[in-house]
Amino acid sequence: MADQVVTLQQIRMIITSRPFHKWLGLDVVKVDNSGIEIKATWREEWVVHPEWRNTHGGILAALVDVAADYALCAKIGHPGPTIDLRVDYHKPAMPGDLIARGAVIRIGSQHSVAEAQVFDKDNALVASGRGVYFTALPKG
Amino acid sequence: MADQVVTLQQIRMIITSRPFHKWLGLDVVKVDNSGIEIKATWREEWVVHPEWRNTHGGILAALVDVAADYALCAKIGHPGPTIDLRVDYHKPAMPGDLIARGAVIRIGSQHSVAEAQVFDKDNALVASGRGVYFTALPKG
Amino acid sequence: MADQVVTLQQIRMIITSRPFHKWLGLDVVKVDNSGIEIKATWREEWVVHPEWRNTHGGILAALVDVAADYALCAKIGHPGPTIDLRVDYHKPAMPGDLIARGAVIRIGSQHSVAEAQVFDKDNALVASGRGVYFTALPKG
Amino acid sequence: MADQVVTLQQIRMIITSRPFHKWLGLDVVKVDNSGIEIKATWREEWVVHPEWRNTHGGILAALVDVAADYALCAKIGHPGPTIDLRVDYHKPAMPGDLIARGAVIRIGSQHSVAEAQVFDKDNALVASGRGVYFTALPKG
């Protein structure tokens, strides 16, 4: 597996500059050769059902996508457009900050595959999945 | 395929009562035996890249999930927890309201499958996908 | 959607020339602008459980893959390597020939998405899914 | 994670009793708390293109499905029907025996998730994926 080419500071700068990431309250906790760890700050708008108060699956899908894509970014220097995304939901994510861990599965010449897990504040696995990203270098 | 059992007014009431759906600015445009059509109201927080201004894939995943789940709801009377979700991204979704169309693929005794497409304001297909939902009736 | 560019005879020649397709007993039933219909000839080796005699999910996955890929082939003139494949299983496929119907979802400049359904001899939906294919023209 | 409850001999007996598994030339190499390793014996019928001689994606999908399902079997005592399957293809699998490694992601009360990788004879990753399985105990 290729070595990490981007520092935590660089990847934090890219991630936190993006409007949707700001709304998700994202911060980079750790990045090393094994992958990336990103924290998301819980917000009331994530709730599906006003009584049960579980977090919407779309938020968990977004976190799988971001963690997988930035695990690739740490290795190749830039994130890539998502070609497709698959998310398995394991248990309801109740109110509280979430941690998403991303890792590269394979870097290809045209597209690359990475995976991610999302954990709740008690470190229980709430969702996991994989994405395929278009990572070919722009021509020119 | 089972007939629709929930009216547009009933499904609108369920959908719009949920905090994340309110944030997505969801409204039900249409519901009939062929499926459901849901509108999402664009917001600045959806933007990925401040210059390119494309909508984040997590938002599109959320819309696929909601449209697929409520296509099932229209047939069986309630939405079900998402078991897993798959989303293909077809082209960048630029600022503007989005339309998500959901349709049932198969209703099973334990879990059911539905699909959805997301269209931009020019009616171009920006994402599509499928979800599996736990739709067994609660015991008791 | 682009018009069909390959005739039934041409696509039958490509499909039936391939060893795995011969083993699956594939033949092209129909190809038109809406998609392709392929027949697979049941064989004893497909059985999972010797008593229940249901067909293995790997066979159904192969049929979803072939029907989706050749739906693209009918539009662009050649099949493409599968980037990824997603299959939902709806009910056990009991002994008997199977029909797989494929349709294009979107043709892109680099990769394309198509879907397929598999039906048993009583025309019941036993599996369905989607694949992403690398369909860029070779450089040269 | 639950401990392994099935021995290598027991799981070998289940796996090798099934017609499609026999055709795939499956044998269990190893089973422990971290997962299962299954070998598949290459056969000429797996070939897609008579000149390039790459293995069909349907065969790789079948191996992902088997390794994921029997990783669950090793923990819970029985395989479960596949609800859905997702496979990423990483590089062409050329003629030669294949190794599939399966591992459990999460065991649930109704359905469970497991993943698998497929390696060629040079130990290169050719495909990987995940499945959701119906693992609820039969009522009675």
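A, B, C and D label the chains in the order they appear, each numbered from 1.
Definition applied: a contact is a pair of C-beta atoms (placed from the backbone, for glycine too) under 8 Å apart; a residue touches a chain by one contact, two chains touch by 3 or more.
Predicted model, so just to flag it, every value in this text is computed and none were measured.
Trainee: Counting only C-alpha atoms to place each centre, which chain is farthest from subunit D?
Mentor: Here the answer is chain B, farthest from subunit D.
Trainee: With respect to inter-chain C-beta contacts, which pair, A-D or C-D, contains the greater number?
Mentor: C-D
Trainee: Centroid of subunit A to centroid of subunit D, CA atoms only: how many Å?
Mentor: Inter-chain centre distance comes to 27 Å.
Trainee: Whole-Å distance, subunit B centre to subunit D centre, using C-alpha means?
Mentor: Each chain's C-alpha centroid was found; their separation is 33 Å.
Trainee: Taking each chain's centre as the mean of its CA atoms, how far is subunit C from subunit D in angstrom?
Mentor: 22
Trainee: Residues of subunit A that touch two or more other chains: which are they?
Mentor: Subunit A, residues with two or more chain partners: 83-84, 86, 88, 132.
Trainee: Under the definition above, what is the set of subunit D residues touching subunit C in their complex?
Mentor: Residue positions touching the partner: 17-20, 22-23, 44-50, 56-59, 61-63, 65-66, 81-89, 92, 129.
Trainee: Using the touch rule from the top, collect the residues of subunit B that touch subunit D in their complex.
Mentor: 83-84, 86, 110-111, 113, 132, 134, 136
Trainee: Please output the residues of subunit A touching subunit D within their complex, sorted ascending.
Mentor: Touching subunit D from subunit A are residues 86, 88, 90, 105-106, 108, 113, 125, 128, 130, 132.
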